[in-house]
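First, the structure itself, so that you have it in front of you.
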């Protein structure tokens, strides 16, 4: 059997998507933990949210239920709102400190 | 869909998405990260399409890739924070710990779901359209019936986002001395 | 019946001095010197008069009925124990109150002169009256518990009076020592009472009289020995005798009244009073006798070499008290009581005499700085001399009859061992009393300052304040071997005032004639007969024949005279050199042992001041503070360290906080894994 | 055209949320119209207060409806109307009113009073909390969580003149976004495992079916737990709390500590009790661990804090632990006790933060050492702070004791003796750090200590005084005569 | 019982007084003092009336009031008085006016001081009179606050440490008390369906065979005992006491030693015995042992202290040992003795602390070494101390003796050898007290000691009543014992009926005479 044939005969079940989503979610989480640029951290959050979206859609298909897809809309809106506010905060911070502000530099509050 | 087997599409775009996701995390320059993010989003949009979620795919591209990432890029440029990060992590142990946790999370989730992710009841809030047709109507209907309440509240959410953005990012009318005082403190 | 009505008022006896004490405590300063003294003395006199009335009232009763309890009110009533504040008038107690009030009155009188001019004159008499009250309560009590009240009360007054000149550190240390040592005895008293309550359900003497015979031997022995422990403390018997010599720091009338005539004999009283337990036990009797005999001997040895006039008398007292216990231990209670009476007279006379000497020689107490005083204080010398003969046991003075009675009782009780010891002690008595008398009143005059050392007048004072550690664990005072302080008399010694002479003379006279109370001839044993209702059914050991009794008496006299003669030969001329005491040379190394009171006191002090104190200090400083409290604070410190750790975790880096969330999330996921795996 | 059958709308059930949103929008419109021509803050405050009052009124009307007709739900079962939602609503609304009163003096003192958006954001956030209280669906939980959180991110960063405020905002935001992503993943997994996001639907499904593979469901459950534990500041998801509480403007902190916690617990209780009662044995284990960690972490972490607000943050972590004791019991009594605790805690903590506001202090920093001799300089305020701290320590006869008694009772009734022990022990540790603050204020100074001078004493205006009086009165009242609150909570948890 | 709520009046009079004190203007401290004095005197009046009206020969609770408080948690406001609490109420009511009078020279923040002092009084009275476990705990815990403020606000140099230690240490103990009380109530509820914290109901249940399992009872017993042992304090939980005593203001020390320590003993008598008779019997030997250790250890350590207050503090540890052995002897004698010591100890130790306070006011030191020869310069002061000393070391005729004697008597009947060891306490007591007396008061006064002012009229007025009372009940303990013993007999009967306690022969007496036992 050719490679493509193997893949083709391989029924793509929702499990594939879900495993993919789990990996994507973890990548996002790790990214949040290791990156110091706040904007990139936000992007990692977006990765996580996207992973969840994939999960919803996969479940939606697996369960033959429409709500999984509907929910993704809410996630999108929430993501948009979050990003708007998050970026606004970052802008406000960068107004104050012009020289290189990574997440690690924001540590007045500690202990 | 019929042209290319779903499996092929899935593996291509899923692989692409994962690679791009790794790119988001690994790219030292935030601009590159943002571009990687776009790749992820678009790959996922394709995956949506594969699964008959055409509306979502469209929204994914328009809202996410079109609006959100652009916003990211805009802010990056605005603030000039496009400098690359140093390679080494100043916080010792953070990186290995994060990677370990990530691996455990992924492995754990996958192991838990394994072959039996979806164990739920079928079609509790309405069935999907059969394959090769769109779900737009079904999704829209559920949004305006089952999900009316959260749907309305997302409107509030957007208002909040607007107000929040304005409140935080608008130039202030504050007297200069306040800002000066504040700057002193940061330099401490 | 008239007599019983009168006896109901026996509580007046202690009440009179109590009234005096209260008045003097609150208004003594205003009453002043010497009126306060006269008030106290007068009340004591009244108490004596009332005691005599009690005696008469008791005599009016038929012999068997001579016991009367008058209850004032219920003192302590808990569970099934009911203790009344009641006074028991019987021959034993009335004898004692006569002694206490009689001798007490005389010593009160003496003290008016002796304490004259003291800044706390009235306070002294308040304490004195309070002491009399406590002592009277002790002997009149109708129950052990009330006796204990008096017992502790005399202890308190003893404490106050020994430390009367509290400015002197030696005095205050001695007072603490006296009280604490007595408390060791009281410990026995209390446990004895616990036993009695358990065994008899009551602390009343009447219950004892009825119930003691029915006790098991072991219980009776336990009770008796514990009570005897109390007596050892109070009467300064060997083991707990250490406080009495030090108690001489108190004013001399105190030594006379408390530490010679009355309080120290409370132990004898208690043994007599609680004799049913001792009789039931038997073993306890032997212990009493042996301890008494040993005390008589050992204290006698110590008295041999003491250079201090009052210390000799103090050890003498200890020794004589030993005789009394010896008597009680062989069952001769009446003889013991008789000894108490006789001893009270002559020892009080001796103490008062020595007081006059001290008073007349500007506070000299060192025998080596006296001599030839008979010229200056003839009356005192006479009284002292009579008392000397008495204590030495020369017939026909009371001391002779008393000592003879004790030794005879021991002999005929077949307690030959204690008899032999008693005899030996008699030798010592003769010696040390002769030594003292001659060194004070005879021989050369050693009190005049020699011109050569005139310049060091202050040395005496220096000695007084000799840096005694401000500390109960300070070494006990040892006069033996101390260099003689330079003489400091600025003028000649003088005789005491009439109020001081009178009691000495009266007491000496009483000592002379008191023998008639109890003559070892059938029909003339007045005291024994009088006390018979108290000691019902107890037979004193009696001489098997007149001849053997007479022989024993002569032996005792001979022994006493031997002691006198030896001393006379040694001290006939006083001391050539005040620094050299001939007896030391004769005794050699033993002298040092005797002088240091067998090192017993110093040994205890070294123990208490050394290892014990260090252990206590360790408990207080290390164990309590470091281990126990340190443990408590250690728990706090552990939490504190955790708190510091948590602060360190809180680095302020948002990534690390996210890491925290991730850790929590993973932990929960692992839990799920475990949960699913298990299920 | 296809006809869409709109769901039944029960206006009573959403009236409070609608009112608050409307009030918020009015304020925004007013601002837009008035621009800078007139003072806008005071009218905004007025509108906000009126809005909240009307909301409170609606809540009372809801109560009578629920009492008569029993619990209902509406909007396609998305939002529930029952005693529980009303009780939490009351806590939220009261907190919001007090918080607004608190803010007026604070904002004036900080010189940032010119912006009425502040009030609107508070109202929106409160609306989100009310929505959360009635949430009957995981999606509503999620959306409500965002509606209440996003305004809080903004409010935390509101004082842009202070770097600390901005820092609090960004930290809260990053971590909040992270945790809500986790929560959302939990929603997704739960959805997959049960086929629905409706809480009642989940319960029905689980009671009708026995899952042969529980992995997805349990994973979903724990991820939901992570998201909500983050909101209520339970250890180990608490690390944001000290920083954010310290940095955010004090009134906002007060609001977060009282209302957000209430909303978070409302969601937690609803999800666990309504959707997952079949799994109570499991989540009780997890909550046990969370409660123990929170109790220990909150009390130990506070031991060596030098900043008053930070200390209060740790104390709020500890209080989350106490509330978790109640929730952990898995009984109606437990819910009741948690509600009592939330109610009482709102007053205690707002009262404490009200004093913090009154303290003023340079740059809204509140070093505990600056409180030296405060007992002498500001006797009334010092006494009030001491009072609120003692109340939080659970000293009778304050409401704090009643609250603790309630949760301990629930634990005992559910035989959670372990939690009972840990609870009482940590209350002792907690007493230590509360006392440290009080000591600083009251113990007479040693000679070598210099007495700090007030740099920026805040005049206690009428609003602030009102807040203090109300909080003290409630804390004493509930402490001495707790029946009304306890019975209210009981009814609320039963209906 | 009388229609008027006298117990409530006793509890709330000082509390109301405290609120009134708050209303006085801060610039007129004498007004605060006057209000405080009046409130505490009024309380004393009520307490005296209570003693007067108290029925002797009745072992149960009298003057009970039972009001609902918050039913949903089973908590009620229940107060009542019996032989155990009666005299503790009186002692409290006596000590507080004296404490206020003793603080008359204290002129720092008089208003706050008086306020806290009265709050403390109300709380302590509440503890003694509450019959509901939660109400009891409320007062028990609330008591810490005023005491804490008194130490922290008016203590000496190391007050912060001491105040915190006091609060946290004793709160640590009471935490377990709360946990055990709640657990008990809910066990009762799950067994009977009734949720209540009413002590009488719970006691009836726990003593019955259907009550707690043995293990549970042991656990709960130790939960309660944790609080009481720390409060007493029992060795080894005593280390807070010296620290606190040293730092507390005089009146605080007086109250602390006088009544606060008794709270522990009272708690045992009331709650540990009433609720957990089996456990009490089972573990009595353990606590007797600790009590004996306390007596000997406390005395030895007291002797080594350099600070006069610490000496008295450790002496309190020893005295509490006497109370503990009396209590756990489980005999009528022992319980009588312990109860009596609880009445007596406040009088004597109170007097000692007062005199040390007076010395401190004069010299601003409590180091024993700093004194000497005070007897010469201040004879009246010395006399007070001397009398208090002898009253404290158990001289017969003073109250201390009666209590010690009965405690030891009971212990001897039950555990002979322990009693023997404990009796050495009377020797050791004399050692440390007299040694301290010697060092402080005897000798030749030098420096400031030579010119020390003697006690003035007010100071005499403060101390003399205590000593007079001690002498009075030492000579005539009947009024106290008559009221205590019926309750003691009830407790013993309870033990006999439910816990199979075997009473020693010496203590075997008819218990049926006791009336009114619940």
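Chains here go by letter, A, B, C, D and E, matching the order in which they are written, and residues are numbered from 1 within each.
Keep in mind that, in the parts below, a contact is a pair of C-beta atoms (placed from the backbone, for glycine too) under 8 Å apart; a residue touches a chain by one contact, two chains touch by 3 or more.
Since the structure is predicted, the reported quantities are computational estimates derived from the model, not experimental observations.
> Could you tell me which chains are in contact with chain A and with chain D alike?
Joint contacts, listed by label: B, C.
> Could you find the chain whose CA centre sits the greatest distance from that of chain D?
C
> If I average the Cα coordinates per chain and compare with the overall Cα mean, which chain comes out closest?
If one averages C-alpha positions chain by chain, the most central is E.
> A-C or C-E: which has the larger count of contacting C-beta pairs?
Higher C-beta contact count between the two pairs: C-E.
> Express in whole angstrom the distance between the two chain centres, defined as the mean CA positions of chain D and chain E.
43
> What's the distance between the Cα centroids of chain C and chain D, rounded to whole Å?
Using C-alpha averages as centres, the distance is 78 Å.
> Which integer distance in Å separates the CA centroid of chain B from that of chain C?
100
> Which whole number of Å gives the spacing of the CA centres of chain A and chain B?
4
> Do you know which chain E residues sit against two or more other chains?
If we look for residues of chain E contacting two or more partner chains, we find 168.
> Multi-chain contacts in chain C: which residues touch at least two other chains?
636, 647, 650-656, 658-659, 662-663, 665, 669, 672, 676, in rising order.
> Multi-chain contacts in chain B: which residues touch at least two other chains?
As it turns out, chain B has residues touching two or more other chains at 91, 94, 97-98, 101, 105, 108-109, 111-114, 117-118, 120-125, 141, 146-147, 150, 154, 157, 160-161, 164, 166-168, 182, 186.
> Give the pairs of chains that touch; include all such pairs.
A-B, A-C, A-D, B-C, B-D, C-D, C-E, D-E
> For a test of understanding, state which residues of chain E touch chain C in their complex under the given definition.
168-169, 235-236, 238-240, 243, 297, 300-301, 303-305, 331-333, 336-337, 372-373, 375-376, 390, 395-397, 401-402, 405-406, 408-409, 412-413, 419-420, 423-424, 426-427, 430-431, 434-435, 438-439, 441-444, 475-478, 481-482, 485, 504-507, 509
> Tell me, which parts of chain D touch chain B in their complex?
Residues 2, 4-7, 14, 17, 21, 24-25, 28, 75-76, 78-79, 111-112, 114-115, 117-118, 120-121, 124, 127-128, 131, 137, 139-140, 142-144, 146-147, 150-151, 153-154, 157-158, 160-163, 169, 189, 191-196, 198, 201, 205, 209, 211-213, 215-219, 363.
> Applying the document's contact rule, which stretches of chain A touch chain B when the two form their complex?
Chain A reaches chain B through residues 4, 7-8, 10-12, 14-20, 22-31, 33-37, 39-40, 42-44, 46-47, 50, 53-54, 57-67, 69-74, 76-85, 87-92, 94, 96-97, 100-102, 104, 108.
> So in the complex, the part of chain C that touches chain E is made up of which residues?
That would be residues 73-81, 85, 145, 148-149, 152-153, 156, 159, 163, 166-167, 169, 171-173, 175-176, 179-180, 183-184, 186-187, 190-191, 193-195, 197-198, 201, 470-472, 616-617, 619-621, 624-625, 628-629, 631-632, 636 of chain C.
> So in the complex, the part of chain C that touches chain D is made up of which residues?
The touching residues are 636, 639-640, 642-644, 646-647, 649-650, 652, 654, 656-658, 660-661, 663-665, 667-669, 671-672, 675-676, 679.
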